[in-house]
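Paired with chain B in one complex and with chain C in the other, chain A is shared by the two complexes that follow.
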Partner chain A sequence: MARLRLKNPRRFDNTAYLYLLPAFLLLAVFTIYPLVNTILTSAKLDYRFLTGAYVRVSLRHYADIMADATFLRAVFNTAFIAFVCVPLSMLSALVTALLLNSIKKLRGFFTTLYYLPQVTNVIAAGMVFAFLFNSNFGLVNTMLGWIGIDPVAWISGVNIAKSAALYNQAYLRCLFVLLVYSLWSGLSMKVVLFLGGLQNINPQYYQVAQIDGTSRWRVLRKITLPLLSPTTIYVFITSVITAFKAYSAVVALFGNTYGPIGDNSKMMITIVGYIIDALGDYLSAGAISIASAAAVILLLIIMGLTALQLKLSQKWVHYK
Partner chain B sequence: MSIRILKIINYLLLILIVISVLVPFFWMLSTALKSENEALMSPPQLLPATPHFENFVLALTVAPFLRYFLNTLIVSVSVVLLSTIVTVLASFAFARLEFRGKNALFFIVLASMMIPQEMLIITNFMTVAKLGWMNSYQALILPYCVNAFNIFLLRQTILQIPEDLYTAARIDGLGNFRYLRKVVLPIAKPTILTTMLLSLIWIWNTYAWPNLITTNDDLRMISNGLKYAFTQTSGFVRYELQMAAATLVTVPLIIIFVCLRKYIFAGMSKAGLKG
Partner chain C sequence: MQVRFDAVTKQFQTKKGCITAVDHLSLTIGSGKLIGFLGPSGCGKTTSLFMISGIHPLTEGRILFDETDVTALSPEKRGVGMVFQNYALYPHLSVRENIEFPLVNSREMKKRLMEELSDGGKRSVSRKRFKDSVAERVHEVARLVEISEYLDRKPSELSGGQQQRVAIARAIVKRPSILLLDEPLSNLDARLRVQTREEIRSIQRRTGITTVFVTHDQEEALNLCDEIAIMKNGVLQQYGAPQDVYDNPANLFVAEFLGGTKINLFEARAEAGIVFIGDLKIRGDIPVADGRVTLGIRPENLLSCAPEDGGGLTARVERLIRLGGVTTVEAVLPGGESLRLMKENGSTLKPGDTIGLKILPGAVCLFAEGGEKIWQG
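This part shows the complex of A and B:
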């Protein structure tokens, strides 16, 4: 200890702990303890909330979840948001940012408008989208009518129990609504981040390309996109992580049953929805264990993605 | 010239994107101003014949929305104030003070950013239930009062303040806390404002946690109130009132954003740097 103190040019300042006390007190109670406790609870067979009793330590709840059709549906839907909605929304945001980057006038004005979805209440936005896609009174069907397309029952569970084909069609329509919502709500952040990335690119590259008479397309492919790749990776991974936490938007769009009226399979449920549903049943034995096990699976996915991001951003660091 | 045409196409595309971003807002507002009959017309009309502003007043009677607004205000002001104090103190310690275990503690803060809130909800729910905090303000406020990302962001800002300033202040006999108040706070004000705004947006949108721990109408926040006000009446929905309520919930944050957007964008570009 004494040696350490000598080595350090400045004396250790014990008041630092006072400064950190509020933050760490809160972290301990609301983050660290819950983390540990959730992992432990996930391994307690039939844990009971009221008494804290459980049968024995077991990983059976993990096995149960993996065999639960609703959980697999949740994983599939979440993966749809993460790996279909996110890339498409990134593409549209990238195009928007490229367009914004090539103008000077009104850039701030456009960026502000594009950012509006981000500050719109999620529940309000979900409700508006549900109403936009309303079969009878929605704007989407009206607009389709303008180009001669018959009204579509976007969010509808009518007759879905009759055959798998009808169910799947209803499901696809709901996925489409979710995709459109994701494109709209995901644009804001991604445009701002991409625009930031584009503006960080050294203009000398473009000057050289201009002198050489390189075509716009080639400049985009050979200069802009490679130099933008650190931003692209950052946007992709953070968006995928956000996608894995999707919940409120789905509830706002499809209701507390995660599906159109008439569906009882929780058609549009997500992983977080699965956790919250299990938690809602907290008085029955094992419900909290199931919620915890699903949460641990979610944590592992997110940790894996974060590790991937760290690895990839190190790989690309020489571009910066 | 073709450059000119490209420029025009460029702007036209940007306007097209603006229109698609604004369509939901248009539909929300247009429906909010319709009469009950107009809202239930099929196919619907784009605009109401005459705007029915009384819908906004009516929407407030569907559910105690004023109460929800008040609750959201109480929670967000408390969270913003408390979490700012927590963030400023912690980020100052990490940026300027030397102490044993600094790296380990900072690692814990960074690592906690990775843990999804959605995971913590389970145990926090049990904690709150056992403490008898169901349907209480402290349960709505306290879990949001520490924000690792804000600590990280503000630490970066404080690190950029020249260390000489700190050394000089210490030589002049200025204590840590006075240095923090007199030097750090004024310089870091824009970043602090950014963290406050990010917290505010976060609280305004929060849904899952309040939904779990409030069953009492007197303690609901707007997101939950909005959701419940229009789902409990089965089958028949007054869409114009639903959209009017959605408008009321959306507008305050948009006004705050438009006024203070430069702080949000500044924070965003700082956050982007770590990518």
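This part shows the complex of A and C:
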């Protein structure tokens, strides 16, 4: 019998490095270099994009950002999407998937239907939503009118500068519109993923439960949900990371002022929005550094969350 | 509890059409008996079990437990315990949680337990008392199947044989009156198989539960069961005590399916009450119409003797096949038909020898063209 001869196992390591090189080069040029550069830039005081000149190394931009009300608003809005919209849309996706999984006829049809938002352009869909919630001729207000409710100024901020109370009310309405949009747009992918997870569960577990007379609710709680947990964790991790990168949805709903008409506080801005705005200002001293610092903060947040979720998933997830 | 199939038919509607998995099955399983469903893959064994347990509704016919018609009863009301073909233990639960699952998650079972504990409602039962009694029952069955030391492990941390026993424990913790085992030994190695087989037998004896045991391994069925039902393509071929079915097969399929060394089959013909293989007269004076028949003789019913004692029946030894303790002799008749017989201990047969053959009384089976047996003697 021919034996594989491993005289010098190290040789294999070196060949492997050679094969990895192209991928590594791409990674180095497009990920590692920008990453390091961003971190460096974020610490350069009065950095000028055109000349590359800067005064000295300093962490002042970080302090500035932390004190900037707009940035704090961006963090809050982003967290709202990640920790309110995502769980709610996961819940509705799970319920939808459970229902879809329990029907035999038309399952394919409904699955396709639910998947449609996924192939729709975000900006277009967001603009349609903005139109739905238009105070004068939006469909939502029209329908509210049918049941005798006065038009609501969903995403228009007339008069909001007059008092903090009016401002906060407008803010709540905008958050609500954002939530509805997130539920709709996030549903498709999650339903498909959950449906896949559900169909992966061995039907014998349900037959055992049936023989044992386990009630439907117990089956769901004690069998389906635990066995679905790998999918749930996966959906949660990816959705939260996507949520932290939210930008286009907010622009589509509220325009590039990130707020209702009449608002100039960038009410609905997100972290990525904040970074992009700072970048847009690249000619002024320090703007690029501010964008870099915000990007570094975003990176840290996402890394921290991922680490936390991985740790939690080890405890909760039941892999076979 | 006695289980009766009364002309039961099960059909599955699939995209390609209608599959009849079980076809007019009528069969009575005696109370406290261990019976085996035996047959090749796809013959409807699992489907039959699923119909007893209530998972599959019947297309036609009735199923009765004792005298009660349970055809329309839901699975939880039937109170059967079942071990699935691949155990189906919940991977996320410990062995203990797996075993107690049917006790604590079924309203029906809880009610029954409560009634037992409260002496039919006379005494109130505290939460703790209920829990203790569940724990006690879990320990009791764990001891019975000898898995007490693994109660806190996950199924994935057990060997196949241990998982097997956990599955049995989960099925019998409810104290069902019927236990269904779907090929429970198929995932075990040969030694563990025999050992677990004996364990199942002894558990069944001790508990007296009416047990249906599905297998496609005939040795298992012959060794273990009080009675065996042999199925083919959803149709029951024969039902009876293992030895009886083995000795008196109802048709060619059963004769061929059973037996460690395959039954010898010959193209034969009947003429005026005499049956011939080629020119060799095998038996005379039999009430069989003239024509072609298949003649079957089990190898162990053929004895070798001196050529002149065979009454004209001789054969030449071709090969000896050793298999552990037994040696099979392959020989050919003068007409070229090959046959097998068992070598007796101490005999000095070797290839090339000419031997005489004696056929034991009752050992010759004649099968008609369609496979049904027309005569044996």
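FYI, the second predicted complex is superposed on the first by the 285 of 320 C-alpha atoms of A that agree within 3 Å, B and C clash if a C-alpha of one lies under 4 Å from a C-alpha of the other, contacts with A are read in each partner's own complex, and residues count from 1 in each chain.
Please note the rule applied: contacts are C-beta pairs under 8 Å (C-beta built on N, C-alpha and C of every residue); 3 or more make two chains touch, one makes a residue touch a chain.
Here the structure is a predicted model, which means the values were calculated and not measured.
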item	value
Simultaneous placement of chain C and chain B on chain A, clash or fit	fit
Contacts of A:255 with chain B and chain C, given as first, second, both or neither	first
Contacts of A:104 with chain B and chain C, given as first, second, both or neither	neither
First, second, both or neither for A:56, with chain B first and chain C second	neither
Chain B versus chain C as contact partner of A:37, first or second or both or neither	first
First, second, both or neither for A:207, with chain B first and chain C second	second
Between chain B and chain C, more extensive residue contact with chain A	B
Touching partner for A:223 - first (chain B), second (chain C), both, neither	second
Partner chain(s) touched by A:162 [first = chain B, second = chain C, both, neither]	neither
Chain A-centred angle between chain C and chain B, computed on Cα centres after superposition, in steps of 10 °	80
After fitting on chain A: smallest Cα gap, chain B-chain C, Å	12
Contact set on chain C toward chain A in their complex	50, 53-55, 75-77, 80-82, 84, 86, 88, 90-92, 101-102, 105-109, 156, 174
Chain A residues within the chain B interface of the complex	4, 8, 10-17, 19-20, 22-24, 26-27, 29-35, 37-38, 41, 49, 96, 99-100, 102-103, 106, 110-125, 127-129, 131-132, 134, 136-139, 141-142, 145, 184, 187, 189, 192-193, 196-197, 230-231, 233-235, 238, 244-245, 247-248, 251-252, 255-256, 272, 275-276, 279-280, 282, 288, 291-292, 295-296, 298-299, 302-303, 306, 313
Chain A-touching residues of chain B, taken from the complex the two chains share	7, 10-11, 13-14, 17-18, 20-25, 27-28, 31, 39-44, 46, 85-87, 89-90, 92-94, 97-100, 102, 105, 108-109, 112, 114-127, 129, 142-143, 145-146, 148, 151, 176, 201, 204-205, 207-208, 212, 222-224, 226-227, 230-231, 239, 242-243, 245-247, 249-250, 253-254, 256-258, 261, 264-265, 268-269, 272, 274-275
Touching residues on chain A, where the partner in the complex is chain C	202, 204-205, 207-215, 218, 222-223, 226-227, 318, 320
